[in-house]
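Each chain gets a letter, A, B and C, in the order it is written, and its residues are counted from 1.
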Amino acid sequence: MSIIVESVSKNFGEFQALDRVSLKVKDGGLVALLGPSGSGKSTLLRAISGLETVDSGKILINGQDTTNLDVRQRNIGFVFQHYALFKHLTVRQNVAFGLDIRKRPRGEVQQRVGDLLELVQLTGLGDRYPSQLSGGQRQRVALARALAVQPQVLLLDEPFGALDAKVRKELRAWLRRLHDEVHVTSVFVTHDQEEAMEVADEVVIMNHGRIEQVGTPEEIYDNPATAFVMSFIGPVNVLPGHLGLFKTLTTQETRNSNVFLRPQDIEILEQPHPEAIPAVVARIIHLGWEVQAELALPDEHNLTAHVSREQFKSLDLRVNQNVFIKSKFAKAFPEVEVFR
Amino acid sequence: MLDKPQLESLPLAADSQARVGVSDQYAPQIVRPSRLSWPWVVTIAYLSIMLLIPMAAMITKSMTVEPAEFWRIATEPVALSAYDVTFVTSFLAAAVNGVMGTLVAWVLVRYEFPGRKIIDAVVDLPFALPTAVAGLVLATVYSQQGWIGQLFAPFGIQMAFSRMGVFIAMVFISFPFVVRTLQPVLQEQEQEIEEAAWSLGASPLQTFVRVILPPLVPPILTGVALGFSRAVGEYGSVILIASNVPFNDLIAPVLVFQRLEQYNFEGATVVGTVLLIASLVLLLLINALQRWGRRYAN
Amino acid sequence: MPTNGINVENRATQNWGKPLLIGIALIYMAAILLVPAIAVFYEAFHRGFGPFLEAVGHREFQNAIRLTLITAAITVPLNLVFGLCAAWVIARNQFRGRTLLVSIIDLPFSISPVVVGLMLVLLYGRIGWLGPFLQSINFRVIFSLPGIVIATVIVSLPFVAREVIPVLEDMGPEQEEAARTLGAQDWQIFWRVILPHIRWGLLYGLLLTNARAMGEFGAVAVVSGNLAGRTQTLPIFVEHAYKNYQTQAAFGAAAILALLAVVTLILKEILERRTQHKRSSAH
């Protein structure tokens, strides 16, 4: 079931949460809405669900205009950040809730609840209350509850936000596998770029109520459309373009642009090279799996580079050592905004 | 320090200390049995002098009454009538406040309106206003000529100096309990669970009955039980608003008082013991209700 | 903000639902709380301050005020010390019977004040356990100040402990342990670490203790003997004056006690804001 969002706007008083947002999610897709807090990603999700009304624009689910439909009539599944489980009901009763509301026959309800508990690997915990479950288990109950009514689309608001790091990682991989099994069109909200990249087919990056870029994780990483996207997807070094540090970039860029380059994309050389510039090693930090080198450029700008342990050993890097650096990948963006 | 001589006179306290120190390894602070900390001594001595010894005095006094005699006094017609007035009226008052207190708590938590903060503060008036004052002013306001009583007088309804008056006094003093036990639970209830119910297709009525209300039942019942317990023991406001006539509107605590005035210690003790047992049973009930309410909390 | 998502039908329900529910709540509270509260002051002052001052000027009235103040002045410090000790014992120790101890402290809220008075009569009275002994040393408890104080202490006993226990539990033992590692003595820990932390909860408990101590009627009525000018507290005076058709005097005393209640509620509101403010700034 596809989702189409057409030029949707939403204000909360003075605050513009969504500014003419348009988006297409294809049938069976798994899409991440990624952005910092206040970027409008949760509002967009709630607008798709019908929990939030929109000021203008249209929302179509499976080709049907649902803009003025109540959340109850949209047949969506919603997973809340803090699960919103009904504490007075058992796991089984929570999962059965939507089916009971729809007055499905008892046998069918029991069958479906049993299937879902198996799907989310909670068979045997059906008679527990939510307070007797761990965070990850609660999240899976919330998912089963949302899936029970066979929704057209599944919407998840920061589904792993309240979990600790280890459980979060496990559940991510699990959600990916679950989606490959169930194939329901899914949209989830996250502020964690790693999570978005790992789980989603397609990532939608939002900022200030607008969509900055839509693409596969690879597209977004390899070809960030805006300075915001580049700086939001992992750490970057930002240097003023007028320095002309990188000869590969000077042809395309103006003096007013900023050059963005990722620490992983910096190559450190011992010998001069036509495309490299000189630098001095200011500080070395061992991160375990790789080594971070802080480099001082001639004009008092600093740069962070990550090198693998092998490279570090073969280069035999030391503080105050003179080296030459070369970028494997860099992008220039005309904005002068400072991020984060 | 002061604690040395008291330590010797209170071996019981010292024993319990020793057990704490040894048996409970999860104690946040393990009390060393060698040094008896004086907060323990004060707590146990004070409770013994103020509460336990007086209770023991009453229980032993009631045990000096022959069981058959006890039963006869406890079930005299005047006593039965007093229980009837006390417990039935208290129950009605607590039940009315169960409904109205829920409504007031809902309004205070869910709605924003001018004067909400003042109304919220006024809820505690029955806790702050001395009961004698409450009885005096309720008797005045609800009398035939009173501000509210005169509204009912034309219909032949006598409010003060009747069972109705007892009811009004009990409604007054048991009012805050439901509001105050329910308010925090309502405040903590996440809006998200309502949205979850809507997203699963539940109507507003279904959402209220199946999702919002069930977690509120334990605190509402706890509040009703607390209010009932308070109303059963109430004396000050009732004595002023009721006519205190046996077989009409005489409540059990007033019966105890009247018997004491007549130096009928046996009669007073028996009815007092019945009341004491009732309050202990209610205390257990309230504890059970609170445990039930906590079951759903995280 | 989330209520924006409610559909049209639901919004319509809210449109008439909200004012209706607020209206019912206000009418109910007006009938049982507000109108009576206003009536106290109206009855006391509607003929001006003259009759009120005349009533207040009577010797019996002044004695009642004095006895009420004395009773509160003895009761509040006693229950303060007990409340702090009990709160510390309960909040800082895990032991078998902890729940039982909490229930015992709560007992005075469950037991009828008349039964409390009765217990004291059966312990200290002429026919009581200690009656013969007290008579032999010529010390009167019942129908005298000690009885009134003991009765008042019992009915107001739980307040301080109840208010302080949650604050102490919330605080946790770490700060005390930190102070101990820094070499602080027990009393230094109490004054410098515990007391600053629990002060608002403690004040709240004291406020409630004082309100109950000054306003207690049932338990005091049983043990006071109701001797005008000698063993009458203010609430007893109210009842006595009312039963003797001295309505003006009764309402004069009632107005003073009601004023006490109003002050209590205002202070309570202030204290609650303090604690809420503290809580929100702590997050």
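In this section, a contact is a pair of C-beta atoms (placed from the backbone, for glycine too) under 8 Å apart; a residue touches a chain by one contact, two chains touch by 3 or more.
Note that this is a predicted model, so its numbers are computed, not measured.
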Chain whose mean Cα position lies farthest from chain C: A
Chain pair, A-B or B-C, that carries the greater number of C-beta contacts: B-C
Centre distance in Å when chain A and chain C are each reduced to the mean of their C-alpha atoms: 56
Intercentroid distance (Cα basis), chain B paired with chain A, Å: 54
Chain centre separation in whole Å, for chain C relative to chain B (CA means): 14
Sites on chain A at which at least two other chains make contact: 50-51, 70-72
Overlap residues in chain C, where contacts from two or more other chains coincide: 2, 5, 9
Multi-partner residues of chain B (each touching 2 or more other chains): 195, 198
Chain B-touching residues of chain A, taken from the complex the two chains share: 49-51, 70-72, 75-78, 80-82, 84-89, 97-98, 101-102, 129, 131, 145-146, 149
Sites on chain B touched by chain C in the complex: 16, 19-20, 23-24, 26-29, 31, 38-40, 42-43, 46-47, 50-55, 57-58, 60-61, 100, 103-104, 106-108, 111, 113, 117, 119, 121-141, 146-148, 168, 171-172, 175, 191, 195, 198, 204, 229-230, 232-236, 239-240, 253-254, 256-257, 260, 265, 268-269, 272, 275-276, 279-280, 282-283, 286-287
Interfacial residue positions of chain C with respect to chain B in the complex: 2-3, 5, 9-10, 13, 18, 21-22, 24-26, 28-29, 31-37, 39-40, 43, 81-82, 84-86, 88-89, 92-97, 99, 101, 103-123, 127-129, 150, 153-154, 157, 172-173, 176, 208, 211, 214-218, 221-222, 234-236, 238-239, 242, 250-251, 254, 257-258, 260-262, 264-266, 268-269
Chain B - residues contacting chain A, complex: 190, 192-193, 195-203, 206, 210-211, 214-215, 295-298
